[in-house]
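Take a look at these structures.
Below are two complexes that have chain A in common, paired first with chain B and then with chain C.
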Partner chain A sequence: MSVDFWINVGVLAGIYGIFTLGLQLNAGFIGLLNFGQAGFMAIGAYAVGLLVVDFGWSLWLALLAGILLAVIGGLFVGISSLRLRSDHFAIATIAFAEIVRYVLQNAEFSGGNQGVLGYDEEWRTLSDWALAKLALIGLGDYTQLPLFIAVWLAFLVLLAVLIVLQGTPWGRVLRGIREDEDATAALGKNVFAYKLQSLAIAAALAAVAGFFVALNVTFLYPSVFDPTFTFFGYAMLVLGGFASYGGVVLGGILFWTLLEGTRLFDTALSAGQQASLRFIIVGFFLLLLSRLRPQGLLGNRAEMRVRP
Partner chain B sequence: MAGSNEAGKADALQPHGAGTLRLSRPVLLLLVIVVLFAALVALYGFDATAQATVNGLVAGGYLGLGAIGLSLILGILKLVNFAHGDLLVAGAYFTILFGWLGLPLVVAMLFAMIATAALAVLTEKVVWQPLRQAGAGTLQLFLSAIGLALVLRFGIQFFAGSQVRTLGADIVSSITIGPIHLGTLQAVALVTGLVVMAVVGLALRFTGIGKEMRAFADNRALAEVSGINTRRIIDVTWAASGFLAALAGILYAVAIGSFNPNFGVTLLLSLFAATVLGGIGNAYGALIGGLVIGLSQEWSTLLLNARWKPAVGFALLILMLLLMPQGIFGKARRRS
Partner chain C sequence: MTAPAGPILEVRGAVKAFDGLLAVAGASFDVERGSITALIGPNGAGKTTMFDLLSGFGRPDAGTIRLAGRDIAGMAPYRIANLGLVRTFQLTRVLAGMSVMDNMLLAARNQPGEHLAALILSPGRSRAAEAAARESAIGLLATFGLAAKAGDYAGALSGGQRKLLEIARALMTGPSIVLLDEPMAGVNPTLGRDILDHIAALRSARGTTFLFVEHDMDVVMTRADKVIVMAQGRVIATGTPAGIRADPAVVEAYLGTPHAVAP
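Up next, the complex of A and B:
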């Protein structure tokens, strides 16, 4: 198919790459099973949409507010639930994400299933400007190219920041907590604070991803933020590699290429069956990877540890 | 912590204690339910409250039966089985399949329960047993469960489509007892749910295999030392879990009337709530937990719009995890 198709795949890989960086920071580096990432993404995206449409904020200011709100959400979830066992924490975070989605679906302020529309004017202006520039080098026909560039720029910058952070004493404490929480605490580190920071950063990353989702889908409705997308994030994570930020890039590209690539095959199946088949493939992926190569392609088996 | 044993001991030591009244958690739960019921009657009248209560018991039936398997598997194998909700769906869709093959509805239901039990055992053999033998960690188990859930749900959707379906029974007729209106099918679901709950409770209490399952969920190491056949118990638990999940799914399908393959995932968090409420690994607890969640959700419709019903389940789940992770009937956390 066309170049546009693959640009779109790239956009998705980038957006969910940013999303999965947060999961990597939580599950990969500190051993927190955060399954509520889609909820944080929804908070970020809806904050952007609603602040622009209902309150007339600038899109960029709304992005900052969305990140801030998602961080507050992360702190709220963390402060209330971090002391739970890891499996209970995972269930609590899923429940949180479902509550967020439910509220968005049913409350008055969010437009319910009709969604939020018309927040991306400023982005359109910027995008048209970028397209005019791209036209000079003969790439003006690809309308999604500016979004692709913006997403991947953000992805790579955030990736670089996280890799740098990982080399700092702060990053080493995170891994220390993953390996032995009690020993790290005995060294005088405030384990709870580190976990909370890790969760808050993940929520902020989810909000950035949510911002780009909002620009990509051009109107927001609750099922864009189904908890299934958190599972997609984990599929990317285990595919690329556990405790490896580079793995998120690889996992993102591979996962979305495989998932969207299935659209290219002409089959006798109905559209509904093809959609089902894509999810079945993701399911088998998770099953097989967990069984055959739990650390993922670039991961290190010795770094796979989640405390009970 | 303040389990019933401890409360009992405190009473024994101080038969005429210094006026401090300590109630065990189950008694407290009963009191809360009675008080809530009285408050709702006072606020909304007897008729509306009674109707919501009957609806709550219907929901409690399928939630309780659905939660038993989840709770036992979590207790015995330490496995958070995200695919459990999809076993409920499998039960409903197997019924449709066997009905389509020409079997009478009730026979189709029975076959569907057996087929789902076989499916649950199959997942144990193909997925869980190999993973355990490979020494899989928490995250691996989680992701496998999610993967299995996706395969089951969308496998069903692949063959049956995502459109709304019914079991093809008569959904129009209804019965009226005093102020309460109830669809005949809902009444059937209610009675079946409560009867099966009682039967399961008795079976767990008095049959050898039931005792072994409870012992196993309670303390696996001790049960193994006492000579209980591990592999057999695990297989039986999966079979029972699948059988009851299918029954719960069928009761849901009968009581609600129409459904699509997503109903399992919608119910899953309510099932988790029932499990945690009842104390993980405690089958009786799961039954009671299901009833409590069902009642809370239906009672909430008196106060809030009915569309918030599932959110009540989620909120209860989070509250239980935060305030009472060992559940109403669970024991204080054991160091293992």
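Up next, the complex of A and C:
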């Protein structure tokens, strides 16, 4: 059971990794507190599910449409709320995500709590083909391995793209805005436009994560996308360190290893108690880290200390 | 933009109130192209508010502000900066968590790499602009005695060095007019003189206009071509340093009585 179990953990870590890259782009690099990432993810995932099931679209075309719709959602949130102060903006984003979730839960088009089923046929065909290839090297028994590979491939490619982008003059403007948006505006940078771009890209990343969530859970229901998803992402950020994309990878691996690994211990506790204990352990770890290494695993201590 | 002749900055009847208190109460003045102009006045005269209005950080309740003939009142700060008016802040605002060099490079104008589309379509142009910007940043940092600090975090600089960086960064944008809010405050006098020399040299070389708020009257009297005096939100006098010194309205605004005149 163990390998399958860890492959599943790896799938989750990779999905959350893609999701959290967007949070890093927002919170870590431009200083936007986006707490609505789960809402953008829900838009992406449901767009995929509904376009395939109700409209007969190809899964891959639906993925593109899902990304586009999430970006539109990001622009909508940005244009309506970016002029708010940063903490107020955070509240607006979480409100947006909850609106999305409640609509999906109660609207007819989204199937309510029954959810959406039967959109992943094309993926299964591809997955079976991949499994046949994997069987050649003796890995054909791990049914989730193709998804694991796809998720991590996507994660690493997106990671590389974002790292490259961050090293450009564009990325420098983001950091300038994070440090002092008035000073950056006084140098001729359109702060609003950059925040909007950052938000739109984060929404696109959330949609990609939502696509993989859809493939992973095989049927979509609203409670998958509750705000906890976003807060897990932030926990990974705190562990890995702000303003470091590598930190997202490390934070993700550590977070999921801690959270899921603790399932494996045999204790005298009931299942419910042990499930809660896992979160206590993760919480304790976060506290310990903030005491010993406040910048996170890969965060930059020197950069943190020079700030006023 | 428009006619090269005429004042670079024309302010007419600018008004700005905060909760009914008139910080700027109908101020009018011109700043001549290529001049070094001082804006002085007692505390609370409205100098910093005026700077905010000029740079887009405040929208005037009434009045017009023209930059090279173009109305900029209420325009967004970034647009005003891109039209060539760049300011520094009274309390320095360096980008603490970025290197001194990155502070400078951020200020470079016409960097196509700051736009995603251009970055992807023509990365070569971005790199070329970056190399050119780095070169002029190195030159400016040398002028301001910050060359050795290029790799340090801006947040690790001393107060005076931050002031220098902020001025150097403003100049990095290649501005036509620079607004300096108390550039000498917290800077040691020798360094301060160097800054002033550099400002004078830049004005001669590039025709850059400088408008600065300053409390050190020695600096104002020896370095400015023209002085604008504000009191209680209004411009009460404009003229040459010598003329201002002799103006009874100015003396009264500062000292409250017409008797004690500084030698």
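Methods note: the second predicted complex is superposed on the first by the 283 of 308 C-alpha atoms of A that agree within 3 Å, B and C clash if a C-alpha of one lies under 4 Å from a C-alpha of the other, contacts with A are read in each partner's own complex, and residues count from 1 in each chain.
The definition used in the following text is that a contact is a pair of C-beta atoms (placed from the backbone, for glycine too) under 8 Å apart; a residue touches a chain by one contact, two chains touch by 3 or more.
Just so you know, these numbers come straight off a predicted model, no measurement behind them.
Asker: Pick one for A:P169: touches chain B only (first), chain C only (second), both, or neither.
Answerer: In the superposition, A:P169 touches chain C alone.
Asker: So in the superposed three-chain picture, is A:H88 touching just chain B, just chain C, both, or none of them (first/second/both/neither)?
Answerer: In the superposed model, A:H88 contacts chain B only, not chain C.
Asker: Touch check for A:S290: first (chain B), second (chain C), both, or neither?
Answerer: The first partner, chain B, only.
Asker: Contact-wise, after the overlay, does A:A302 reach chain B, chain C, both or neither (first, second, both, neither)?
Answerer: A:A302 contacts chain C only, not chain B.
Asker: For A:D182, select first, second, both or neither according to whether it touches chain B, chain C, the two together, or no partner.
Answerer: A:D182: touches chain C, not chain B.
Asker: For chain A, which side has the bigger count of touched residues, chain B or chain C?
Answerer: Between chain B and chain C, B touches the greater number of residues in chain A.
Asker: Once chain A of both complexes is superposed, is A:L199 in touch with chain B (first), chain C (second), both, or neither?
Answerer: neither
Asker: Kindly classify A:F96 by the partners it touches after superposition: chain B alone (first), chain C alone (second), both, or neither?
Answerer: It touches chain B, and chain C stays clear.
Asker: Of the residues on chain A, which ones does chain B touch that chain C also touches?
Answerer: Chain A residues touching both partners: 304-306, 308.
Asker: Once bound in the complex, which stretches of chain B touch chain A?
Answerer: Counting only chain B, the residues touching chain A are 78, 80, 127, 130-131, 134, 136-144, 146-155, 157-158, 161-162, 269, 272, 276, 305, 307-308, 310-311, 314-315, 317-318, 321-322, 325.
Asker: Quick check on the complex: what are the chain A residues that touch chain C?
Answerer: 165, 168-170, 172-173, 175-176, 178-180, 182-191, 197, 302-308
Asker: Inside the complex, what are the residues of chain C that reach chain A?
Answerer: Those in contact with chain A are residues 55, 57, 76-78, 81-82, 86-87, 89, 93-98, 102, 105-107, 109, 111, 113-116, 119, 126, 129-130, 153-156, 169-170, 173.
Asker: Per the contact definition, I'd like the list of chain A residues that touch chain B in the complex.
Answerer: Going through chain A, the ones touching chain B are 27, 33, 35, 80-81, 84-88, 90-92, 94-96, 98-99, 102-103, 106, 228, 231, 234-235, 238, 272-273, 276-277, 279-280, 282-287, 289-291, 294, 304-306, 308.
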